[in-house]
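What follows is subunit A paired twice: with subunit B in the first complex and subunit C in the second.
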Partner chain A sequence: MADVTMRVWRGTEDGGSFQEYQVHAEDGEVVLDLVHRLQATQANDLAVRWNCKAGKCGSCSAEINGMPKLMCMTRMNTLDVSQPITIAPMRTFPIIRDLVTDVSFNYEMAKQVPAFTPRAREADGTYRMDQKDVDRAQEFHKCIECFLCQNVCHVIRDHEENKGRYAGPRLFVRYAELEMHPLDTNDRRQLLRKRMGLGMCNITKCCTEVCPEEIHITDNAIIPLKERVVDASYDPLVWLGRKIARRIRPSGAPPAQAPGRAQTESAAG
Partner chain B sequence: MTTITVDEVHDLDVLVIGAGGAGIRAAIAAKSEGASTGLVCKSLFGKAHTVMAEGGIAASMGNVYPEDNWRVHFRDTMRGGKMLNNWRMAQLHAQEAPDRVRELEEWGALFDRTPDGRILQRDFGGHRYARLAHVGDRTGLELIRTLQNKATSLDVRVFMECTILRLLTDANRVVGALGYWRESGKFVVFRAKATVLATGGVGKAYKITSNSWEYTGDGHSLALWAGADLIDMEFLQFHPTGMVWPPSVRGLLVTEGVRGDGGVLKNSDGKRFMFDYVPEMFRAETADTEEEADRWYTDKVGARRTPDLLPRDEVARAINSEIKAGRGSPHGGVFLDIASRRDPEYIKRRLPSMYHQFKQLAGVDITTEPMEVGPTCHYMMGGVRVDPDTGASSLPGLFAAGEVAGGMHGSNRLGGNSLSDLVVFGRRAGLGAAAAAAAMSDMPSIDPAQVDSLAREALSVFDRSGGTNPYEVHRKLQECMQSLVGIVRTGDELEEAQGRLEEIQREASVASVEGHLQYNPGWHLAMDLRSMTTVARCIAMAALVRKESRGGHTRDDYPQPDPELGKVNMVVRYNDGELTVTPEPLPVMPDDLAELFKS
Partner chain C sequence: MTTVEEIRPAPVELGRRRGGPDVKTSRTDRWWIPSAATAATLLAFVAYSTWVAFQNAHYYHPPYISPFYSPCVSSNCKYQQLPIVGTWWKLSPALIILWFPLGFRLTCYYYRKAYYRSFFFAPPACAVADARPRYFGETRFPLILQNAHRWFFYAGIVFNVFLTVDAVRAFDFPNGGWGMGLGSLVLTVNAVLLWLYSLSCHSCRHIAGGRLNQLAKHPVRHWIWKKLTPLNAIHMRFAWASLIFVALTDLYVRLVASGLIHDPRFF
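Showing the complex of A and B:
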């Protein structure tokens, strides 16, 4: 592969601009390789986050040619290198420097999640869970906290003022994980409705589209949460019944509640 | 010259440096004891190396094979470490791992299940029974997120993207640490009654490695510089299966779970070569035909285990030999084949992230074609010498746990034994530190002159112009370690490495950095190089003194183990600017445990 033109955003919270570099590229490389080469040879002080270089830690999120992606999982051969490649920091979060943004918002929202509270163990000291029940919540446990979904969600991307009252898709995934955890007994539905802004999500699905872990954020997390929150406002017993049903459901039976969209539109807003 | 004073000072009962599995577990333990606890890490919270762990966490719960128990796990661990392990650590580890796994479940971790709803366990190298609790092949993510959520709910204070430069000492006691915020470059002082190191490993000193940029041996160096003992630094684990192609992903880990789930190693002739490399020590319990090996996956009692799952040091050496003999794959590895042995659905379900990783980064579909793999620098067995029960180092006020601590794994670690090590000894070190802090009535005092000189030294790279480029020095270090202190070592090469490393260390000390303090990776690397070069020298020195082959340390000029050297640890110390290596006797195993090895 020949040299590639890279337009990398350089600057701080006080402002900055795209700077153009010619960077050598080798076969099979990913965007992060070029960023590293640039750093080692032409821009020693270029700020960038990364850890695993394998799509596992969620550190290297950026907007590549305007698309929110992990730099370590974006192969150069998926990009048109006859044109300059633009690399910008995530837009929704305040800039610290160059490609590094201040993602502390997400950690602050995480502190407000009421803790996991398991039910008691079985008599033999174990917790028995069916693989099928576990599968459902495991989807959400795949989240690598790359915050790309938070980055694209228009509720906070375009409205800074919403940040204090909106958890955002990553945190909805976390709430869903707890809500669908076969052992959890905590009820977080009023909190979701009143303080976490679940109603503000209008199911545009932009978050789902960018999730590198292919978590079905809207269909499997947000929509079922919305349904449960609706239940909460009407009838606490329905919810309780569902939690209990889920636990004692014999293996092989269908899920107590299949994810669906039916009630959801009315729940939005 | 004006004195550099640091305005930001945090007073803590327990300071934990490192937020991987070991550090977070230590912080949870200390906090639960009522100690005011701070957790410092170089990356964002939740991104530590532990997140990358794949295959699972070893614990003899006996959910799949009721025959399993802690004694069998203990025995496997000691044999895997070629009997150089600290027996007490190996014992505590084997005894407590099951409770720690159940505790993770109680904190929200969702492990894969057996048909009757309990925690499922999988096969891994060197473990007699299927023993690794797991979540597909992303167990580390589950572990770190569970601990992260638990620590968050306990309101442990987290100082993220903050790098510790040095431990602060007062009258031979560790009293805290000096660090800098990566974001602003500003210094910060932590004053603490007790400090726990949980900084992980050293793999970034090598060119081909499964480790991330964080693995620069900081904790090893911090302990050494402050005056604590390190042991077993010559024992570095090269994982047999790293990716070899394309160059961009060279070294990236391919989990042992692939072999645990039925994958086999083959050379360019299509031969399962591992049958040719079964060492005497493991012959009695290893299959000698392909038929028996294949049967073992479902019949642990009637068949013996496949040689593909010998301990890692054996497999890495075997692969190395096959490649050297010209029977390697096109890109200089060997083949790892699961495609022809298991159906695609099974592979995708058991190994989702491997499937993903190869598909996306190498364009290889592991359900239809073999992978190409070769050894990659993976894990540091050596580290801070600790008291097994409390994690206390040889220096008052300092504790260590996780990969930065030495002794638990002897000369070679078994897969899955690290994650369990983290939670068993992370907890113990946290409790040990909390107890030490409780025994102290007053906050220790910090010497401002010490802070001033350390801070001044750290900033010197900005004053200098025309010094060395830290990226270039790092590249040289990696070349040197890869070629002279790699999987197979010789006395001559190790001698040569000593000289070169001293030169590289000197170059690192005169690096110059452009730009300013704010989030400046050039400066960060210049700082990391100090610990990386120090650890590199420790490895080379200890390797030179150990004139035998054992576990992760192979000497071409001394190919056999030496029973006398099997009774000692190499202890590395730092005195007045000089590194020394001294052989010291291993703790002696009590008779009742020694019995387990007689059969």
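Showing the complex of A and C:
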């Protein structure tokens, strides 16, 4: 390959602009390789967050030609190098400097997730889970917290005022993982509906499109959560079934569908 | 145990300056093409189905009935199937029933993505700014009604049963007994696609087993859930295939019923 024109966002919270550089590219390189070369040869003070260069640490998230991507997983031969390549910081989060953003919003929302609360141990003092139940949540464990899904989600990308009342796709994955956990007893459905903005997600699937781990965020996490919220709040048949089950169940017996599952509907008000 | 009251809104500092250019999008590809194609296809279907629904003619040619007019529930139907609406109904019979499949498609999780992008521009494409300054998603009326999707799914299953019966009857010719024409195949493929669209529905997958945390304790529901999951992954394809084919099925029946084409009989 030859020299590539790169337009890189340079700036702080006081303002910034794109600056243009000519950077040499070798065959087989990824965008992060060129950013490193740029940093080493022309812009020593360029701020960029990176770590593993293997798509597993989730550090080098940026917007390449306007699309949220990991720089280390974006091969140069997938880009049209006859045109300038733009690299900008993630749009949704406050800028610290150059390509580095403050992603603490995500950690604040993560602190709000009600913790895993397992049911009582079995008689022999152990917990047992069937592999079938474990399999479903394995996909969610692949998340590397690159926050590209949070970045691309228009609910907070285009509407700053929604931050603080919208958990976002990455946290919905975490909620789904806990809600589907075969041992967990917490019921987070009213929380998701009333405080975490699950209803604000209009399932346009951008989070799924940009996920470098190819987690089916919308189909396997968000929509199942929405359906569970429908169970809890919008389905009179489920409500009636619960009422009847409570009437015919002997006092003290656990509910049939979700043994040991704590209900927070009354607390939700 | 955690309750909703214990969770306070996250202490997020709003309004800090963001990086990158203040533009609607920096995307350099032709991101508008999928949205434009979706909008054009959906508009074409809406235009065609509206014309069909109001036309009230050429929807029945024994043994074929258009899927837009089945089940035929009014007494003024050319094909007496289930005349529960009396002779007072003078308009097209399709207008009585089409609300259910319309509701099923409107509240479908896939179509929501399609029309939120193509018509609401919320957002028009990934990393392209919303058209509106404020956004509430599906938390308020009328979009909160999207939560009724599973009810339309139940109705859709009933419709599929009727359309399956129509497909079977499409092999029973008035004067020749059992046989097979091109229309028989068309109605059969239509019924199969509609079943695939319904069974791949997210609500169906949830009702079948997704709502359970301990799937292993419900082996039958787990088996069904496992079978539905790969179908669900290609729900979009079934959504488009069934939508387009239902229009083509109606068109075929309409062309045969109006005498513009002859239905070839295979046996």
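Observations, loosely collected:
Operating definition for what follows: the second predicted complex is superposed on the first by the 225 of 269 C-alpha atoms of A that agree within 3 Å, B and C clash if a C-alpha of one lies under 4 Å from a C-alpha of the other, contacts with A are read in each partner's own complex, and residues count from 1 in each chain.
One rule holds in what follows: a contact is a pair of C-beta atoms (placed from the backbone, for glycine too) under 8 Å apart; a residue touches a chain by one contact, two chains touch by 3 or more.
Just so it is clear, the structure is predicted and the values come from calculations on it, not from any experiment.
When the shared chain is aligned, subunit C comes close enough to touch A:219, but subunit B does not.
When the two complexes are overlaid on their common chain A, residue A:130 makes contact with subunit B and with subunit C alike.
Of the two partner chains placed around the shared chain by superposition, subunit C is the only one that A:63 touches, whereas subunit B remains out of contact. In the superposed model, A:6 makes contact with neither subunit B nor subunit C.
Of the two partner chains placed by superposition, only subunit C is touched by A:109; subunit B is not.
One of subunit B and subunit C touches more residues of subunit A, and that partner is C.
Contacts of A:26 after superposition on the shared chain: subunit B is touched, whereas subunit C is not.
In the superposition on chain A, A:181 makes contact with both subunit B and subunit C. In the superposition on chain A, A:93 makes contact with subunit C only, not with subunit B. On subunit A, the surface touched by subunit B in one complex and the surface touched by subunit C in the other have residues 98, 111, 115, 130-131, 181, 184 in common.
Put simply, subunit C touches subunit A in their complex at residues 1-5, 7, 9-12, 14-21, 25-29, 109, 112-113, 116-117, 122-123, 126-127, 129-130, 134-139, 143-144, 147-150, 202-203, 206, 210-217, 222, 232-233. Per the touch definition, subunit B reaches subunit A in the complex via residues 43-49, 51-52, 102, 105-108, 110-113, 116-118, 135-136, 138, 140-142, 145, 149-150, 152-153, 155, 158, 183, 212-214, 245-249, 252-253, 353, 356-357, 360-362, 469-472, 475, 513-516, 518-523.
Taken in their complex, subunit A has these residues touching subunit B: 12, 26-30, 33, 39-41, 44-59, 73, 75, 96-98, 100, 103, 107, 110-111, 113, 115-116, 118, 125-131, 134, 137-138, 141-145, 178, 181, 183-184, 251. The touching residues of subunit A, when paired with subunit C in their complex, are 9, 11, 13-16, 18, 63, 65-68, 80, 83, 86, 88-95, 98-99, 101-102, 105, 108-109, 111-112, 114-115, 117, 130-133, 136, 152, 154-155, 157-165, 179-182, 184-186, 188, 190-191, 194-195, 197, 199-206, 209-210, 216, 218-219, 223-224, 226-231, 233-235, 257-259, 261-262, 264, 267-269.
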